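Dropping the structures in below, format is structure tokens.
In what follows, subunit A forms one complex with subunit B and a second complex with subunit C.
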Partner chain A sequence: MLRFILRRLGASAAILLGASLLLYVLMVNAGDPLKDLRESNASNRDELIRQRIGFMGLDQPWYQRYWTWLAGVAKCVTLNCDLGTNRSGVEVSSLLANAAGSTLRLVVLATVLAAVLGIAVGVLTAVRQYSGLDYSVTFLTFLFFSLPVFWAAVLLKEYLAIGYNDWIANPAFTPAQTAVSALLFGFVMQVVLAGSRTRRLATFAASAAFVALVLPYLQWLNFFRYPQLGFGGVVVLSLAVALSATATSAGLRNKLVLYPVLATVLAGAIAYWATFGLMENPTWGTLALLLAAAVAVPVVLGRVLGGHLRGRATGAGLATALAMAGLTTLDHIFRAWPGFLSLKPRPISTIGSQTPNFGGTFWESFLDRGAQLLLPTLLLALISLASYSRYTRASMLEVGRQDYIRTARAKGLGERTVILKHALRNALIPIATIMAFDFAGLIGGAVVTEAVFGWKGMGELFRTGLDQVDPAPVMAFFLVTGTAAVLFNMLADILYAILDPRIRV
Partner chain B sequence: MRLKRISKAVALGATFALALSACSPGGPAAPTGSPSAGSTGKYSVEPTNTGLADLGDITTASGSIAASIGEDEFISYNGFTPEANNAYNSVVTERIQSSFSYFGTDGAVYQNPAIGSIEKVSDSPLTIKYTINPDAVWSDGTPITTADAVLAWALQNANLTVDGKPIFNSVAQDLGDQVPKGPKGEASGKEFTLVYAEPNPDWEIQSLLIHPAHIVAEQGGLSTAEFVAAALAGDGAKLEKAADFWNTGWNTDPGTVPDPALALSSGPYKIDSWEAGQSITLTANDKWWGTPAATEKLVIRFAAADTHVQALQNADLDVVEPQATIDTVAQLEGLGDDVQILAGDTLSWEHLDFNFAEGNKFGGNPELRQAFALCVPRQQIVDNLIKPLNPGAQVMNAREVFPFQENYGDVVSAAYSGQYDAVDIEGAKRILEEQNATGVKVRIGYNAPNPRRTDVVAMIKSSCDQAGFEVVDVGSGDFFSKTLPNGDYDVALYAWSSSGQITSGENIYATGKPQNYSQYSNRDVDAAWRKLATSLDPAVQLEQTKAIEKLLWEDLHGIPLFAHPGITAARADVLNVRRTAAQSTVLWNAEQWLRAPR
Partner chain C sequence: MPAGGEAAAAASLAEAEDAALRLRGDTATSQGRLVARRFLAHKAAMASVAVFAAIAVLAFTSIGFAGIPGWWDKSYTLAATVVDGGRPTLSLVPGWLGGEGLRWGEHPFGQDSTGKDYFALVMRGTQQSITIALVVGTVATVIGSVVGAVAGYFRGWVDSVLMRITDLVIVIPLLVLAAVLGKIAGGSGNVLVLALVLGLVTWTGLARLVRGEVLSLREREFVSAAEAMGARASRIIFRHLLPNTVGVIAVNATFAVAGAILLETSLSYLGFGVRAPDSSLGLLISQYQSAFTTRPWLFWWPGMTILAVALSVNFIGDGLRDAFDPRQSRAARRKGRTRP
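For the complex of A and B:
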């Protein structure tokens, strides 16, 4: 195994080196770095040209400049990277630190979202192969996949930002809007839930009626400007989670599970009031502590009260506690929403990763950053949804034809267990590779997204460098994305080798 | 002032001439009825000239106005080093560092009464008297004095050296030679004079107030008096530590506001906060003694130009200066009454230059140049590429003055008689036949890719090929590095951006000068430039400009085409937003912006 890893490592380094040389040569030949100055009429133009030649080392042949760059990068081994300066003499490493931070914020969330949604959709379409759902989801994911990013971004801004902002000023649904939403929701639900004709009809009617009633009710509540959940809402929803978790894990009659779970709900209800002041304006640190407590309490309760079923009790309790923590957080976010709206009457900006000089409480600035993160994340996730769902679908279908799946079914296992435990786990092995690759790809693929949404990230570094024929920032971009790509691929390979002994060479 | 000379605008205008851009006269000099809705701005006080309007007795309104001119990040409080000297940095530094003079919307020079006055007291030798406003103070309360002028002079003085190298890493290095003795006056006083070694017509735009001298002196371990004495005595070694501070001491990592005790403001605003990659916020300077900033906070966001229109629509930005493309204008117009669109020219202009290098068929043959000039469809180029956006655009018939400037009509009528206004294919054909040159190749070079220039060349080709020329498009990516210096072209198509200086054209048209790429040479032109550059009398300067323009037209040095267009847009409720052709961008009067009361 060690030899395998070392060999992969060596190959990766060689690939990176070759690619960096290639990129540097391409970059140096991409244009004239002094173009804007040559056209300038400034009296100190020669001085400026001289200075830029100095910063970019243009008086040296390209291989010497490349060597200087490579030597600077080699210093990274001693954690003392020297990535050179851009054409106006600014240290690229300081630019890179800022850029990488904001890109990672964007890409991590988008990758996770795309993976979770994509895998879920993939499983669903595999189970319902060749159904209407399968076809329409396939159509949609491919549509998203082939959307030009800049165009889709402009549309998102137009409808989800500007349109939403106009709407939220005075949120209301016309009867026609309510009717269309209800019908659409009903239609989608019956496609997703499927079943016999009567069942579909029932699903359709129930969902449509639900929407048709809920939308006017929410409007009456002025929910969109003053959303509320409240203590009652939190407790009722938590109880529902608690009971269903108990029911699925051991059955409602089983006191050994039911009591610790109900005790968890009680503890959560006390915590709701106990932490109320704290949660109104917390910090990330207090949130982490509270989360730790939310994990610890059901574990302790489960262990103490669960008896011989302590495993199941802990699991059900944990699910309940996490749901309750989430709902309590949501309640506080809801409480912060009106304040947020008065600070930022148009909640979703089309540019920037946060509103300048926002101020506000923790939750208000959380909402501000969240609102700014929403559109670019959505866009990135939509675009990579297709690959995840298609790969998962193909992989699921292939696994589904294996002998052991047939055996599992023959043993009389439930369909859910067969799909989720036996099929999906094995189908996920190739997805690991895709995910590693996709993450690295997204860092590079966020170039356009970042530019359109005004995030100063890696993409901006790359694009400006390219425009100005300035190799240092472009090479820094390459260093991060290239290394990420190679590293993640290697990780995937290693993981793969661990998961599947047949791969090992 | 020198900050403005560096032309980022050229890069933008030229590289991104994705096309067809808006162009309407910027100032009141060329009133042409533009039909686009709201093409004049909304004012609280109507401006009376191209300079700053007098807002009268106003108080600072709370609130903030957000503007963006592009995605480039603010770099440093010290925008006078080559590292930080660009338009994106100046939009911030010019708000917090006042100067004695500024450029109006048509590039005319105005004095800044808040800082003081400039007065010419003698022509020979040229002597300028500066009087600093008695109320003028830095934001730490220290009065602005002659010592600050000495710092400004010293850092533009390449004669202050250690080991033969200038100690100040400054974008301007020549004031020490121009004014060898430096500012004369009591260091702690409010008056000083400059005595120039040579006449300099651009005396009004010298930078003599840049940074606080007492801070630089203190950081260099000197008292202000010691600093002034050492600078005037030319003692580079003594100043070295202070110069080191000046070179880098104000620089901070992106997002870190420079220490407010060191980065003092002499303008209506001071730096409030800075979010790396996002925005920088300026807040009204409580020590500012002039007309107060109209709005308390000014947010300058670093947003790419292609995001501007939607950001304006969503009110994320209040004032934008995106690239002038046909799409941008169409989108802006689609926003209706929510925005005011201010189209106008910039001080960059497009031209065709003949190659006068030894042996070039055009350089050696005035008839060929004339024939080519006759068939270049200048009006059509402006009509097709510029006017769809702005009916006010016009063909440019001069080189040293722009159509929106005061002297333009005067200069053009003296220098040019309209002989190339209309395309004359027959005339061009006749000349070619007389010269026995039918079918002669014309290689037009430009910096590619540039769609607008490609279109210009295509239009010239379709017109001039009828007359018997064979136009060849030799636009390439290494136009400036290879084609132009090697002379591998017959006609060059590019732009100059004007610096606002009176004398900078000498570098282009006089024999053997560094920017005379086409190797043009005419003794009379040289002489006229010498006369202009050494005269301090505006009447003589105008006379010489006319003479130069006339000679350049007679010789057909080249053919001017049009001034580059620019576009500015603002939310309809923001008052006093005014476009400027100068390189100071729309933010030039940001301290006057005001949100209209509802």
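For the complex of A and C:
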């Protein structure tokens, strides 16, 4: 295994080196980096030209410049990268450090969202092959494949962002809107849950009635401007999660699992008040610490109180604790929402990755960035969701034809166990490879997305770099995307070898 | 999306369906005819062929192409006075439905801010997109299949070298490589140069797929037979191996064309593809995206055209895949259903 990894690592490094040389040569030949100065009428023109030649090293032949760049990159081994300077003499490594944060946030979030939703949709369409749901999802995936990103972005801005901003100023539903949402939700739910005709009708009626009652109630509460969950809401929802986790893992009568899970809820309820002040304006560090505690407590409780069922008790407790931590966080985000709305009355602005000089508490700036992240993430996720769902569907159908699935059904396992435990686990193996490709591809796709949404991320770095025939920023962009592509590919290969016993290395 | 290569599992279904087709009356049917018949029976694909053909004919005949004049009398380069705020004169709602009647009018798609006829501009952009996409698709398909077949047939160091070159191109994000090349090629002002250059970077996926197919095909008896009769390598590759991978190649060529349309429009949007004063659908959207609230037609026409072209080409590819891989076709679907 180690030899396999080392050999892959060596090959990947060689490929990266070759690709960097190729891109550098192309960049050097992409135009005249002094064009704008040659055409300018500034009095100090010659001085400016001499300065830029110095910054870009234009007095040296290109292979010497490439060698200097490569030597700077080699210093990354000692965590002291020198990626050269752009044409105005600014250190590219500091530019990259500023730009990479927002881009990675976008790409990671979009990948996770697309993978989770895409796999879920893929499984659902594979289970209900050739149903109405399958055909509509197939059509939608083709639509998303064919969608020009920059065009769809303008539509999202116009209808989602501006529409929402107008609506949130005075959030109200007309009876017609409520009726349409209720009917639509009911229709979607009956398509998703399927079943016999009576079951479909019941699903439709129940979900439509639910929406028809909840929307006016939320409006009456003015929930959309003053959302609230409160201590009561957190505890009631957590109890629901705790009981269902116990029921699915061991059954409600099993005290060995029930007691540690209930103890976890109690601990969470105490933690809610104990951390209340801390959570009003936390930092990422305290949040990470609190999350670690939320993981540790159920593990300890499960191990101590779980007896011979300590594995299941720990699992159920962990699910409960994580749900409770999430709900508590949501509660604090809800508390910050009115303040955020007064700071930023139109929550989703269509330009930039965050509002400049925003100030505000931790949660308020969190909400600000979240609102700015919403549209680009949605867009990127939508497009790669299409390919995830297609691949998962194909992979699930492929696995579903195999003998061991028939064996699992024949020995009387439930359909849920067959699909989720036996089929999905094996169907996911090829998805790992696709995820690796997709992540690197998305960073490339972020170039367009960032251009449409006016983000100052890595895509912007690349775009201006190419526009100004300035190799250093373009090469920095390539260094990140290329390394990510190679690394994720290798991870996928290793994962493949571990997950699939048929592959021996 | 990959064109599944699990031919073995499909064999029984394919045989069953081919037998059914044969029973329909006529005698011996060639493989090509079977594929063509399956494709013609695919409704979505046939509708897409019609849509794509209609758009292409409209784009190429209306404003003329390569010096041949078309039937539309306005030019995409001439500025004019803006009439009625540049609003489109096209009306599709008949009078008895409360509309303005079926009317083509002076400027069916409206006018841009300098009074240029927007119909002519969009048609010119569609021409450019279709031309570029077809050239990119052809170039990428030729390079990809030859590289893949050569690598798969010779194996050994030829394979290693070709596949490392493929990896080299794959590791640079496609949009990045295309943008850099587009910047270099865009200076010439000729879209054919841009298209050739884009074709040089989009062949990698096909090369890998064809290589995989050829690796298994070259072990078959007919290749040994050809070798035993003294056929040269070039003859084996072009007469024996490549024709047997035509399914993979045809399907991927179609998806390459659809991808190329989106790639070209994205590049033109970013400013590294087709440049003004020429017109391209991506360029039009980038020029008029801020006009969305005031003059939405400047934004809708090019976007809907891209969507229509890309969607129809993708559906044609889907139909081709079903035709070449009968396991997924409609007839097999009905028979293939085992569970209620």
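The rule is short, and it goes like this: the second predicted complex is superposed on the first by the 484 of 505 C-alpha atoms of A that agree within 3 Å, B and C clash if a C-alpha of one lies under 4 Å from a C-alpha of the other, contacts with A are read in each partner's own complex, and residues count from 1 in each chain.
Convention: a residue touches a chain if its C-beta (ideal position, glycine included) is under 8 Å from a C-beta of that chain, and two chains touch if they have at least 3 such contacts.
If you're wondering where the values come from, they're calculated on a predicted model, not measured in any experiment.
Engineer: State whether A:Val486 touches subunit B only (first), subunit C only (second), both chains, or neither.
Structural biologist: A:Val486 contacts subunit C only, not subunit B.
Engineer: Classify the contacts of A:Asn170 with the two partner chains as first (subunit B alone), second (subunit C alone), both, or neither.
Structural biologist: Once the two structures are laid over each other on A, A:Asn170 reaches no partner at all.
Engineer: Should A:Ile443 be classified as contacting the first partner (subunit B), the second (subunit C), both, or neither?
Structural biologist: In the superposed model, A:Ile443 contacts subunit C only, not subunit B.
Engineer: Quick one: classify A:Gly352 as touching subunit B (first), subunit C (second), both or neither.
Structural biologist: Once the two structures are laid over each other on A, A:Gly352 reaches subunit B alone.
Engineer: Pick one for A:Phe453: touches subunit B only (first), subunit C only (second), both, or neither.
Structural biologist: Once the two structures are laid over each other on A, A:Phe453 reaches subunit B alone.
Engineer: When the two structures are overlaid on chain A, which partner does A:Leu23 contact: first (subunit B), second (subunit C), both, or neither?
Structural biologist: Second partner only, subunit C.
Engineer: Taking the superposition on A as described, I'd like to know which of subunit B and subunit C A:Arg38 touches: first, second, both or neither.
Structural biologist: first
Engineer: Now for A:Ser146: first (subunit B), second (subunit C), both, or neither, which partner does it touch?
Structural biologist: It touches subunit C, and subunit B stays clear.
Engineer: Once the shared chain is lined up, is A:Ala161 touching subunit B (first), subunit C (second), both, or neither of them?
Structural biologist: A:Ala161 contacts subunit B only, not subunit C.
Engineer: On subunit A, which stretch or stretches are contacted by subunit B in one complex as well as by subunit C in the other?
Structural biologist: 31, 150, 154, 158, 451-452, 467
Engineer: Residues of subunit C touching subunit A in their complex?
Structural biologist: Touch residues, subunit C against subunit A: 1, 4, 6, 9, 164, 167-177, 179-181, 183-184, 187, 258, 262, 265-266, 269-272, 282, 285-286, 289, 292-293, 299, 302-303, 306-307, 310-311, 314-315, 318, 333, 337.
Engineer: Show me the residue ranges of subunit A that touch subunit B in the complex, using the header's touch definition.
Structural biologist: 31-32, 34-36, 38-48, 51-52, 55, 88-90, 94-95, 98-99, 102, 150, 154, 157-158, 161-162, 165, 346, 348-354, 356-357, 451-457, 460, 464, 467
Engineer: For a test of understanding, state which residues of subunit B touch subunit A in their complex under the given definition.
Structural biologist: 2, 5-8, 10-11, 14-15, 64, 66, 71-73, 75, 82-86, 171-174, 253-255, 272-273, 275-279, 281, 297, 299, 301-304, 306-307, 310-311, 313-317, 447, 477-481, 484, 494-499, 501, 504, 507-508, 514-515
Engineer: Going by the contact rule set out above, which residues of subunit A touch subunit C in the complex?
Structural biologist: Residues 14-16, 18-19, 22-23, 26-27, 29-31, 130, 142-143, 145-151, 154, 158, 387, 390-391, 394, 398, 401, 440-441, 443-445, 447-448, 451-452, 462-463, 466-467, 474, 477-478, 481-482, 485-486 of subunit A touch subunit C in their complex.
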